[in-house]
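Below are two complexes that have subunit A in common, paired first with subunit B and then with subunit C.
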Partner chain A sequence: MSGMGGQGAADGPLQRAAAWLVRLERLDRRWVFLTMGLAVLVPILWIGLTGRTFPETPTPAAQAVFDQIERLPEGSRVLFSFDYDPASAGELQPMATSLLRHCAARKLKVVCMALWPLGSNMAERTIAQVIRQDFPDRREGVDFANLGFQAGNEGVMKVTLTDLRKAFPRDARGQSTQDLPILQGVRSVRDFPLLIVVGAGYPGCKEWVQYVVTACGGSLKMVGGCTGVSAPQLYPYFPAQLSGLLGAIKGAAEYESLVNSAMGGETPPKYLEAQRRMAPQLFGHLLMVGLIVLGNLIYAAGRIRRAAA
Partner chain B sequence: MLLQRTIPLWIAIAAGFLMLASSFLRPTQGLGEDFANAFSVIAAIAFVLGAGSLLKANLAKVSRRDAGWGFAVVTLAAFLITLTVGLFKVGVHPSPEFPTAPFSGSQQAADTPFGWLYEYVMVPLTSTMFALLAFFVASAAFRAFRAKNAAAVLLLVTAFIMLLGRTFAGVVLTGWLPDWASGLRLENLSVFVMQVFNTAGNRAIIIGIALGVAATSLRILLGVDRSWMGGGGRG
Partner chain C sequence: MTRQRLTWMVIGLVVVGLLGVRGLVGQGLGRVYVERVEVSVAPGAGAASEPWRAVPAAEASRSWTTWKRVPPKAFGAALAADPEQDRVQLSWPRTIGLWLAAFFTLAIFSFLYADNVLYKLAESVVVGVSAAYWMTLGFWDTLVPKLGGAIVPDLVRTWVQPSLRDVDVQQQVSMWVAMVLGVMLLTRLAPRGGWIAAWPLAFIVGVTAGLKIVSHVESDLMAQAVATMQPVVKVVETADGGVSAWSTTWATLPGVLVLVGVICSLAYFLFSVQHRGVVGGAARVGVWYLMITFGAAFGMTVMGRIALLAARCEFLLDDWLWLIDPNNMRA
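Moving on, here comes the complex of A and B:
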């Protein structure tokens, strides 16, 4: 340590502490990576072994998503856009799973679609995980459908406003949407009482609000789920244009706990994914706070040493 | 000049005014739809152009033996394998409705080579890339997030509220506060920050952007701004 500052035992305790802290400034970043890895890994293992999760208190935005779906009468049609890909599935898949489960349990007819090339796969995976496994009595094309991906971003949104079948002439299985029983009596997105969008970026919730929900003038309600980085951009639309919002894994965990409470009984692990991810998030965030505090202590120590020099 | 500038300019002006009119005048609604459909077709063609551009750029890199040309070979191989498997429906089972037609099944099914490529290559790779963010953000926060001035202190305090308030730590640290002071609980403070400060700031930005977009759109519609055609400036 004396080699660092060259003053050794002549320094006071403050200077010695400062000198020790300044050494950490050159800390190899791989130590930070390792600590972050452990902060995430240990809670994952702990939850895997114990199966315990933290209790969640829903925020108004998450409660509003739940309430919007609860308000719909049985048999109502819902348009569900999967605008994300596997990169953000860690954050968004649990909310998509819970949303689809909630809709299926409420016996709503869900029409899935995607404006992201891999969104159709995400929809298919969610349908397989939720409807095909736990609601086997629901018939494809009658109670649910996957219209697949369509290129064109806002262009597709504009077309869905006037003619949904023009935007999606065929579903993901290649069948004509003209013959789909679930779309009988549906001309455009205006014929759906609720639009659900789980979006990771562009195009996503924001574009749906700007191009579709606003154009419908209040007749179409929309609830959305988004990644943590895009949540701040969507809060300005809540609750007027966006009736409910699930922000990141925290919003997903709140909504998931609401759905699980409403469903009752024992909850299968696949419907606890968001709540299970809150423990790694907690320790990851605590580590971030610790690192920021440590970084600032080092910064202050550097200033003390420079002032003393 | 006519093909490169004048015709594209008039197509943009006509399409722009028609799309604008279709929002207000019912008789033009059909034309607006047609242009929106045309946009979808152009967007689909853009995928083909993108693929061509990817091939061109990576082939050039390999032929010149540029730095990292090996990665270009991997990119090209991944692209061609995925394209072949998807386009020719390699290993796709016939659809139950048409069991004798070999290409009637969907390549999106999980038990097809295309499905495997998605499930076992695409999903892990993209998830890994996204997960790496946690490590780099942690390292960056340690090295760069310094309370150097009043604005940075405010940012730091807000970050702490959000980081702790969005987890169970908020409940543990401030859950003991009585009901009359519940607004000071970290989980409630984080909601307050998002719904008040964040909303106010973002709305100001959104309104500013909207005005900018309106002004830029008008410049394009009137043919004043032609920079979108390439070549820069007013053309």
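Moving on, here comes the complex of A and C:
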């Protein structure tokens, strides 16, 4: 003990601070997990109890999505591909909800489809949550339709370029798409002025850009929403090949805020889902930044200690 | 008893105790309610307004019962209006499903403390259910309608899919080829003759490469090159027709960053020239660009993961524990 005390007395304040930091090298990582859990859980509780959300300022990519839908004349048809499943619904469902709500409010005719097996269920759920509840005057088959899931990934995309009904001979209810009023006058995806894709991975936004939008040579506009993991791959396509992009929950919150402002009045809580998830994001990211800084300090402290030894 | 086992026991007892307390306080927790909806369709119904999905006049009338999920407050309202009602009621299957979802969520989270039997159980269930789901999906969504629908259309139409469209000879022939290739692929599982599978594999690789090369050259090489070749300097004019120096600089900066980034990142991947002098300097700048890109990608990934964690936490606090009610489902 006396030896250690003597050595500590000989060390300067920098060495003592370094020695204290080096002890954190052996910190059990489960403390980090617990801290992250609390950083996410506490803001959710706070927002759940108070109902408050943070204000959002839209970035150009999110604003572009909003503007593209605003530009379409009433009654225009849009093709909406739900290429995700419940595993990524935490990120993507809020943006799908807001996109469908915006389209319905603008009185656009929405044709939903899916290249992910559970995407059809996600489309049906979103339609039930938005159109059937808040726009009951919209008629299925006339103002909106769910064509369901079709297996084949890029193969289906290529077929939609020539014959949409060949790719989707039946809708999600099993009825033939031949006589569907919403598809009257539609032969292929080229007959839609706007394509909306909410995609979690493969196949998703990237494949739609590669196989369909580029092949249409600019006649078809596309806006998309994607997970945080795939967003860096998609930003290079904006704005030339992708007219707007909602990157992860942040993009969803910005777009949600834009739609809520445009709709006016009191916003139902179900249309605040993305904004509610921004508080956990803030504290989670602050913790992550703090941990990165701390980790680097510990690394530097270790070097100082080794150099002193 | 080991220390870890003791910790697990304490955690388990605390969770059960808290659940018990939560169940006795206020509205309770974790219940799902449904409303009975009677549906009946008469022959010829909707023929005037929705002819594309009208029930044929020759068919008999049909009626059935569906159960629609409703918020818990709907049950309270229905009970207040009529204490004897059974239109809105507790759904045991859905409630059990909710509790199972909560249990599996906590079981997966428990891995953060240490590997344990509950995590292994949840993991095995996910793997098993996923495998079964994809197999069933492949059978009913691909094999039956696409392959069976082309090779034996009458059989599929009679027994599985009455709305199956007629297929032409070309489709039939191509599906026969697909079936033969598929059977050849299965020879990989046989003890001898595995080389036969090389042919369909070659076909798959060739077709995939053909599709991807064309799309990548068009969308990722040509279109991206065109999108990059934009005027660097963007002049911003003021209201009186002059040039705003500040706004012009600000508008030009992104173009300059893109130009420098593209050239320097390409320089880093130029391995046929030694990274010295100008090329070396550009490559070092390129490394910085790449690092910033990786950092941004990491940040986006963190955002995605936190969003998923937040969604599960919301599920636990809202749907299961009824501690928060952001959607006014129970108020």
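Here, the second predicted complex is superposed on the first by the 299 of 309 C-alpha atoms of A that agree within 3 Å, B and C clash if a C-alpha of one lies under 4 Å from a C-alpha of the other, contacts with A are read in each partner's own complex, and residues count from 1 in each chain.
In this text, contacts are C-beta pairs under 8 Å (C-beta built on N, C-alpha and C of every residue); 3 or more make two chains touch, one makes a residue touch a chain.
Model, not experiment: these values are computed from the prediction.
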After aligning the two structures on subunit A, examine subunit B and subunit C and state clash or fit.
clash
Partner chain(s) touched by A:N296 [first = subunit B, second = subunit C, both, neither]:
first
For A:R170 in the superposed arrangement: first (subunit B), second (subunit C), both or neither?
second
Now for A:M288: first (subunit B), second (subunit C), both, or neither, which partner does it touch?
both
What is the contact status of A:G90 with respect to subunit B (first) and subunit C (second): first, second, both, or neither?
both
Report for A:Q241: first if it touches subunit B alone, second if subunit C alone, otherwise both or neither.
second
If we overlay the two complexes on their shared chain A, which of subunit B and subunit C does A:S81 touch? Say first, second, both or neither.
neither
Touching A:P269, do we find subunit B (first), subunit C (second), both, or neither?
second
Is A:T162 contacted by the first partner subunit B, the second partner subunit C, both or neither?
first
First (subunit B), second (subunit C), both or neither: which does A:A151 touch?
both
Subunit B and subunit C footprints on subunit A meet at residues 33, 36-37, 40, 88-90, 150-151, 158, 173-174, 215, 231-232, 236, 247-248, 250, 281, 284-285, 288
Which part of subunit A faces subunit B closely enough to touch in the complex?
27, 29, 32-33, 35-37, 40, 54-55, 57, 59-60, 85-90, 118, 120-121, 124, 128, 150-153, 155-156, 158-159, 162-163, 166-167, 172-174, 215, 231-233, 235-236, 238, 247-248, 250, 278, 281-282, 284-289, 291-292, 294-296, 299
Which of the residues in subunit A end up touching subunit C in this complex?
30, 33, 36-37, 40-41, 44-45, 47-49, 51, 88-91, 117, 139, 141-142, 149-151, 154, 158, 169-170, 173-176, 179-181, 209-211, 213-215, 227-229, 231-232, 236-237, 240-241, 247-250, 269-270, 272, 276-277, 280-281, 284-285, 288
The answer for subunit C against subunit A in the complex is residues 50-53, 112-113, 133, 137-138, 141-142, 146, 161, 163-165, 211, 215-216, 218-220, 223-224, 226-227, 293, 296-297, 299-314, 317-318, 323-328
Subunit A-touching residues of subunit B, taken from the complex the two chains share:
19, 23, 29, 32-33, 36-37, 39-40, 43-44, 46-47, 95, 106, 108, 110, 118, 122-123, 126-127, 129-131, 134-135, 137-139, 141-148, 156, 159-160, 163-164, 166-169, 171, 187, 191, 194-195, 198-199, 202-203, 206
